[in-house]
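Reviewing the structure listed below.
For clarity, chains are labelled A, B and C in written order, and residue numbers in each chain start from 1.
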Amino acid sequence: MITLYILGAASTVLTLLGFFVPARVTRWLATGSVAASIVYLFFTWGQRQTAFGGLYVVDPISQGFTLVALLGVLWALLVGRSEKWEFSLLLLYAATGMHFMASSPNLPVLLIALEVFSLPLYVLATWRRDEPGFEAGLKYFLLGALSAAIFLYGIALHFGATGSFNAGVQGSGPLYAAALLLILGALAFKVSLVPFHWWTPDVYQGSPTTVSLMMATAVKAAGFAALVRVLNVQDQGLWGLGLGALIALTVIFGNLGALAQRESKRLLAYSSIAHAGYVGLGLYSGTGTAAIGFYLLAYLLSTGLAFAVLAAISQGDVPYERLRGLLYRKPLLGVAMGVGLLSLAGLPPFAGFWGKLLVFLEAAKAQQWGLLVLALLTSAVAAYYYLRLFNLVVARGEATEAAIPAPGAGTPVLAGQSAGGLSLATGRLAAWPLVIASALVVLLGILPGLGYRLFSPTPFAALSRPASTAPATLPATFAITSPSDGAELRAGEFSLQGTGRAGETLEVWDSGSRIAEVRVDERGGWSLVLPSLPGVGEHTYQVRRPGEGEGPSVRVRIVE
Amino acid sequence: MSWLVVSALLFTIGAYGVLSRRTAILVFLSIELMLNAANLALIAFARQWGSLDAQVVTLFVIAIAAAEVAVGLGLIVAIFRRRETTGVDELRGLRG
Amino acid sequence: MQETVLLPLIILLPLLGFAVLGLWGRRLPEPVPGVVASALVLGSLLLGLVLLGQGGARWAVEDWIPGVPLSFVLDNLSGLMVMVVAGVGFLIHVYAIGYMHSDPGFSRFFSYFNLFIAAMLVLVLGDSLPVVFIGWEGVGLASYLLIGFWYTERVNADSARKAFIVNRIGDLGFLLGMGVLWAHFGTLSISELRELIAPEGEFAVGINVAAVSLAAFLLFIGAIGKSAQVPLMVWLPDAMAGPTPVSALIHAATMVTAGVYLLCRNSFLYFDLPDVSFWVVLIGMLTALYGALCAFGQTDIKRIVAYSTLSQLGYMFVAAGVGAYWVAMFHVLTHAFFKALLFMSSGAVIHALGGEQDVRKMGGMWNYLPQTRIHGLVGALALGGLPLLSGFWSKDAILAASYEYSALLWFVMLITAALTALYSMRWFVLVFMGKYRGHEHPHESPAVMTWPNHVLTLGSLFAGFVGLPYVVQSENLLEPWLNKAIVHHEHEKLPVLDEWALILVSAVVALGALYYGYRFFQAEAAGRLPAWFTRFQEASLRSFYADDVYNALLVRPLKSLAKILFDADGGLLGGFWWLGSATGNLGALLARLETGYLRFYAAGLLIAAVLLVLVGVIR
């Protein structure tokens, strides 16, 4: 909640204050408020909260994806120094919208949040104020508005089919299917899944590199947060095939298209398409939030490194040849670029490797073997273009003359750079994020559990043990032993019995509501006489450890 | 039900407009048409479910559309100043 | 057992040494890198002893890799190994300061040496199999680097590669074993596995014994590779190409015992699997016999000791196979002392003779090397099992344990013990007795080399007294202390009379063989040997044609296969090029879809949306 207040208040105040104070101050205040939000997020990590009648929900999804999004914005704020104060302000607006996008299960609110962060981005895309900039901005804007219209129509149909505006409500019928898939398509546009990706390469290339950095990282996080909520419906048949087609097309198109590129920013745009496909793999199992979160964090750090390095070279195009020998000319940039590329390629011991592994595991859990094989094959292709760039970075030799435009003359792209007032990212402020992000990529590569735990309410709850182990042999499990699952009982008083770890307290739930707490005795057993007589019908009794969302359950039918 | 048909028709017309118009303004206008088609559907469903929520959402959508217009027209005007045209087919500097 | 962050510090100290010496070692003047490296290992040893004195320690990062903790544990079992690794390791470090004097790679040597200690400590302290595996590979890497330390000579580099490649076979077994355990138990933490498989000192009810057997067997294959057991023994003798301190530390005292340690650490897998344990016994017995026989023909002073190492490792495997895990660790301890001593005495002799390693050009060193002669004598006698020395007690414990397993096994091991006594005397006589047969001017080593040997001499003399048989001391120091950390079957002790009889028999056999060997090999020194023995020596020198068998059965067929594959590869490579360019072309084609036309994009988007909805609705 405070996160929202900080961002919202800062946006409002800075909008007015910006007219009176120097641009530098606005930038500092904006940076400070985003940083404060991140700090606050960490302090309240894991706490849940609901506000505005359920329109705003703070839960692991909200926290995890907001963290990734805000980190992306923060990075853009640190790297992109503009003479105009509106630049930082627009980034701050976008941050607010993204946080809301990650924190609402309500579809119209999602639409509003989407617009709140998209509109500033349309403007930011044109920031270079040159031909490619305007082209990128207009394409992004028109296609974005089109996808918003599709989103809205999806929402309307969703309401028509279920009478509810909440994401994740189970419905049925063709109307519901159409609604779900329209929403899927509109969100696929934001995270650039093929064939809704058309804008991505053009816009990334035409925008200032700092802005591309944010589009590639923060926007994806916000979009996937919404996707996780929207696709949180039981009946996978409704969207499984559609999403599968999108992912298959995405990993093929993104990776193969990248092979043909000769310009680094456009390459990263294709790579961002490909990565969106891998992240999508995590949506199938229904337990993949942590895997997706980790992937996005790893991707934020790695692609952020690559973009930040490009931003330090130029806000415009960076042909491959300009990177030749970067390691020797600018060691810090070279190392950061190298780490970023290797992590993007998914090589151990970098964070990207674990990200890939985790989402692939989720896909395997959901038995999406075809997609998995395709993803593996295409990530082999991906290694080729990342390593080609990596080889250039570590290659001996100077960048060829043709690749470096003479100062003053320059291509139209570079000439427009000063007009936009965005200076190149140099100096300590741009260097520190590179150092920290490189270190984090390596750290998460060596200790992936640290990052994974951030996104998972219970560490590794998502990685269930293989089924072949009999639960009874595992230490410290708990279960209901009586009555047995599917039993029919005569109405009246009865008791539940079960096992657990000696001394611990368990919660007993009846069909989603908590009815009692029991304490496990020294011999690892417990028994509970139900506090109130259960009504006739079907009951699902479940035991949970306090604070956990799931536990073993039995289904019992009470008859007259 | 017939309102839904009208709404779907309007949406299709909007989509057709997006594809057939060559100036940015008209493309944008067609997209607004699609938004309003969705609004119409929302109102129709609001009647069907007897709920006011959808009508409130419609008001919000109108506000969103206004915001889009503000940003979009600004963009288009800026482009017009620089290029003397708003034809979308001429914007092909970025591709491949 | 306390949770403490000091535990990983034990590993970090030598690792720090590796990093510092590797990066800046070349700028340091000569003795400094050696002193730094030794001091860090001493630090590790002291820290380990302090923690062990406080009742052990553990430390873990729970979520290292999803599902696998990064955990270390210092219990009595790993504590013993830490003492051996860091303790004997420290002595050998000090010795190497003298031995590597004025070598151009002085600092590089100590940087590798510290890397080895760090990796070995990871192996020993690791409480989850992947961590152990990291150490396992780390010591393999350090061993590779150190065998090929004088890499400018082709033979050395080849030996290093041979060691590395042969070890790969074993590592495959280790990896597959981990895979089986993960698939069936969903964890690779050793203490968790122990809880799951053998919670109360016996197999848990309903456990999949076939899976446990398979995993145990695969891990055993890993141990075979690392500990140079039959049939993966061929790399160890060649590993003697490294500097002598390397042979002493890695290929005698510590790394090669890692296989034994692995079996003992995972004793909860093996203790109730007679089938797998039978294979352990069989492999160990064959190796013990084979190593002993091979030692007779060698002419290189270090290769004699290397084959005796093979043989002694076989003893340890026998002990582990018959279920006497503490005895195996006991022999690891005593063997570390006397075998390191033997190697370092050999090193002192080599040092004295200016690099000469051929025993035929030695002899008479008794008169030249007043201190080393004592070291060599004690080492040889301990190896030969002279009663009351350390080797006697541990070997006797193994013999007693094998007697309980089967009388035949006992008999074979007894014969091997006799052979051991014989060849240890051969080594001693050829090097120290008779007249000097070379043309150098032997000189005693400096103090920095003799003092570590003094300490090891003490160890070889007295280390055996921590594990006396029960008839001598009703409860010795080592057995109950180690058994706290080992899962094993308690069994009936042998009757007092039998036990005494066994001790007597092995004492008599050892004494007899030592005396006979002392007399017999003076004949070899003088060049007067019976003809049958010369023939036997020729075969033994070529290690009974093991390398030839490998060449005929594996290397040559593989080479021709490689040739065929290489030729096929040309075609295949063409195919790959084609595939690569086809993929690239496809990519270029796809990229051309990005036409830049806004209305094309909008059309694509809308059509996609319509198709998506159609798929969903029609389905």
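FYI, a residue touches a chain if its C-beta (ideal position, glycine included) is under 8 Å from a C-beta of that chain, and two chains touch if they have at least 3 such contacts.
Chain-to-protein mapping (UniProt): A = NADH-quinone oxidoreductase subunit N; B = NADH-quinone oxidoreductase subunit K; C = NADH-quinone oxidoreductase subunit 12.
Not measured: the values here are computed from a predicted model.
At the centre of the protein atoms shown, by the Cα-centroid criterion, sits A.
Simply put, of A-C and B-C, more C-beta pairs touch at A-C. With centres set at the average Cα position, the gap from subunit A to subunit B is 28 Å. Distance between chain centres (mean CA atoms), subunit A to subunit C: 47 Å. As a whole-number value, the distance joining the C-alpha centres of subunit B and subunit C reads 74 Å. Contact with two or more other chains is made by residues 591, 594, 596, 598, 602, 606 of subunit C. Subunit A has residues 138-139, 142, 146, 150, 201-202, 260-261 in contact with two or more other chains.
Contact with two or more other chains is made by residues 18, 27, 88, 91, 93-96 of subunit B.
Subunit A contributes residues 108, 111-112, 115, 119, 122-123, 126, 129, 131-132, 134-139, 141-142, 145-146, 148-150, 152-153, 155-157, 159-160, 163, 165, 201-202, 205-206, 260-261, 266 to its touches with subunit B in the complex.
For subunit B in complex with subunit C, the touching residues are 15, 18-19, 22, 27, 88-89, 91-96. Subunit C makes touch with subunit B in their complex at residues 591-592, 594-599, 602-603, 606.
Those residues of subunit C whose C-beta lies close enough to touch subunit A in the complex are 61-67, 70, 182-187, 192, 195-196, 204-208, 580, 583-584, 586-588, 590-591, 593-594, 596, 598, 600-602, 604-609, 612-613, 615-617, 619.
Interface residues of subunit A, counted against subunit C in their complex, comprise 138-139, 142-143, 146-147, 150, 174, 177-178, 180-182, 184-185, 189, 195-196, 198-199, 201-202, 237-239, 241-242, 245-246, 252-253, 255-261, 270, 354, 358, 381, 384, 447-450, 452-453, 459-460, 463, 465-466, 468-470, 472-475.
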